[in-house]
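This is the structure I want to talk about, given as structure tokens.
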């Protein structure tokens, strides 16, 4: 049983969070679904040279590409890996096609299939049965999970062949979201993907937030909380931590960056230069943002569109009518 | 708010609530069933487990204190104390079935010698003499909680030779039978706290064993309330009376209106 | 495939909604989990004398008791039926113990088990596997669903015996929640129970809301929407529609009412009197509330506790940086 | 915003987007895959399906128009048009697997004669010559959508004799093979809209059949783009050119920046 961290202020730097809680060989879950990808955390993982990770994420983009190209990843669990502009993620391709910088083992699902595997892992269900993926090559091409991934059987309830999906489990998970309190009660809004269930599969959760707010503010709207604070081991305040992905209400996706990345990383040498410039030579997120420049950030801020507030009520005593 | 003074002698129920509360350790994540677990968990939180987190089956995670005592596990007052409000899968799903909670607390209607709980029916299921409530999340607590504390008021009918329906699995037929049924290992009821004393379970046979009695309660008195031939621990202890401070917390802070302790919840003008 | 109702204003009276969309013999899902129980709708079902319903709900309370006592229900799918004070729900007991007013067939689960059956039904999954309920009598006592409810098998992934839960499906579902737009985009906050999944199992959904608001207001905070409007067939504006249950932020549970109900309905005659007074002799919710009295309602209003508002951002063009 | 005037001749891509959009009926609940389905679904909504509801795999339900054209299915601009923002289970789960949507639209990399789609790899899976993106929600669309429309730009490599990986099941080996695999009945690809014309599937053999070509396109031209021996419908039609109004909507309202239609999305300064 993992320990309870419920009552502690768990704020720390990204450097400390990654150094303490991400270990070589871990099964590492990265939250987000094109929205809310934890780039700042991934860059710190690259800086610290973590190795032999099994990466699990709903959909890989530049983020996964960078971790692969930097040599951190030995195995990848995902539904997808591509640059959304759309174009290839070249480091991913080099790894799969040519074993550069080293071979990559794959375990793939459809997005719904993977989300169900996360759901099963979150609840520790023995498996979930589905009709998706039947007839596809996913049933034949099982990778390093072997027979602990999918099985086809005849439904005992008479629905014909069904696909059984086994639970996934993660050692550590990282999410970048809008706000959190110092204990890790993280809140997210906008498109949520399968992030809640992916995180719930994790023994340790690192919450990276655009803003740290008081616990009382979290309690004004507890329906937005993705995962309870006691499931969290570290809280990192990291504004712009999802760039070039986006955080709903905070900043837009940096489309130009994705297009530049695609061109610059077509060769191994180009990728190494990118890596050096944006990740290895920047000590932390602050330096990365400085390199990016204020104007670029300003251009990515959208307009404000504010939610109507609601009342949760206050029920204090047992008065007479 | 009459009679909250801590010099009044503790009632049987107060002893039970305090004794159950003392079993919770600080920082634990506690699934709180409806009825007696509510004052017990809140008593613990106000006395010695300020960092415990209270979990409710409908989807709430609370590490703060609610403005008033909740009358059920789905009381609207809890939202002011919640850092997470979600659905059944957030709590019973990811925390209980997912194995991320520490302990569950349940009120039980009747229990057999292996801690199997019946809250469904007396007599045959299809045509019962008395129909009871059913499970709610109780069966889930009993199936999955790593540690399980039951709370019960005494009455010989509540401790029968055999129960007519296993609403909440305890140790089933004892020994390894729970494991054989496929339930997760190292689980099942650990303690039964009643209005007379405290019971544990034998680590081999999984049979209920009397381990403690309140001051002035005799083993014979307990045996009279239980239909099977009760085993008594060789290390039977006397459970310390609630301290003055414990009583004060319970009466003045946890349940100042006497909703649970003085049955004010079931009078027509609470 | 049920038709799309996406673009219509579906507001109507409760009388019309129940008369058009709840049919004798239906499998009827009632939303809520002690919070947000749709009393106004249930009372209208009683007034219209609907018969032979199979009622499905996460936890039965006075609401289910009244429908049973009034003779509307032939079968009940639930995890629980009791008066939360706690005390017996006497009409439920009379039906089960003595077949009054007529016998009641039961299909019971644990709350998590039932929630998983709803989840499976919502997604139309062939089944879900779980460890809960193993060893309990629920495995032996399968009712009218027969072998379309639960099965125990050895997990092909090697987890020993597991319980397979089949999906549940509902003809029509009713939910009472905080607010909705005229198309049925209903929003709820507070404790959510398994209501989302229960509703998603329904072919027709009746949304009863404390308030009807503009569609634009719904769009300021789309994360609160429980189920999309096109899944909804009728929208009823029904303030206090959940009394004596509660709606978070609108009113408290009427505990006194539950205690009175318990005493008054201990006998069949007492139940009939209650039924006459509160349901049959009131033509609609307005008359019920009048009977209850303004003072009683006022006493149930709690204080206000307002959520902090958040921004979802506005992303309009593709400007140069 | 150069060149939006509707007197410019329609491009192949514009023909494809308009032809695909025309297949959507008003009021339909449309799963919109990333890339070409985005302008096609928005074109339909702005021209003849104002009441269609756009569904996105990550958890969005939108019946309003977004402030700008979304570049992917998870674009932040969509939140201003969404009446529901949730998770994968709200859309791919309850609406797609749950059977509450009408149609799915997908961009495909390559497709075989039975409409099976490969977006995973060319060459053996374990050591491919070319590695592609993978499924995302595409396999789910193909497995479950009651009606499925594929969109593809022509290139003979995109219509090979056989594909190396079934990312998204089409009609598998044709005939009843899809049903035999356990996939839900009455599903699988219905139409393939390309930059040359429109294909359907034979109701018995489930083989792709050319059903329409754009003005000026010959059957021979289409055959050259397809590696297998293509069947042509005896009722082959000429697909009407986009009308002036359709082109105006597409160029001025749907994609005024040319993000899709003039590849502005992949230039470095969008």
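Letters A, B, C and D mark the chains in the order given here, with residues in each chain numbered from 1 onward.
Definition applied: contacts are C-beta pairs under 8 Å (C-beta built on N, C-alpha and C of every residue); 3 or more make two chains touch, one makes a residue touch a chain.
What you are looking at is a predicted structure, and each value in this text was computed from that prediction instead of being measured.
Averaging C-alpha coordinates per chain and comparing to chain C, the farthest chain turns out to be D. Rounded to whole angstrom, the centroid-to-centroid distance between chain C and chain D, based on C-alpha atoms, equals 39 Å. With centres defined as mean CA coordinates, chain D is found 28 Å away from chain A. With each centre defined as the average position of its C-alpha atoms, the distance from chain A to chain C rounds to 35 Å.
Among the residues of chain B, those touching two or more other chains are numbered 60, 75-76, 79-80, 85-86, 89, 93, 97, 269-270. Shown for chain A are the residues in touch with two or more other chains, namely 123-125, 130-131, 159, 162, 189-190, 192, 197, 223, 248, 252, 255-256, 302, 305, 312-316, 318, 320-321.
All chain pairs in contact, by the document's touch criterion: A-B, A-C, A-D, B-C, C-D.
If you check the complex, the residues on chain A that touch chain D are 33-35, 58-59, 78-82, 84-88, 92-93, 96-97, 108-113, 115, 119, 130-138, 141, 152, 159-163, 189-197, 246, 248, 252-253, 255-256, 259-260, 262-263, 302, 305. Of all the residues in chain C, the ones that touch chain D in their complex are 1-2, 4, 6-7, 122-125, 181, 183, 185, 197, 200, 215, 218-219, 222-223, 225, 227-231, 312-318, 320-321.
By the touch rule above, chain B contacts chain C in their complex via residues 34-35, 56-60, 71-76, 78-80, 85-89, 92-93, 96-97, 120-121, 125, 127-140, 142-144, 165-169, 172, 178, 181-184, 265-270. Contact residues on chain A toward chain C in their complex (touch as defined above): 123-131, 147-148, 151, 153, 155-157, 159, 162, 164, 166, 178, 189-190, 192, 217, 220-221, 223-224, 248-252, 255-256, 295-296, 298-300, 302-316, 318-321. Of all residues in chain D, only 27-29, 50-51, 53, 60-61, 63-64, 67-68, 75-77, 79-86, 89, 93-95, 97-100, 102, 146, 257, 259, 264, 269-270 touch chain C in the complex they form.
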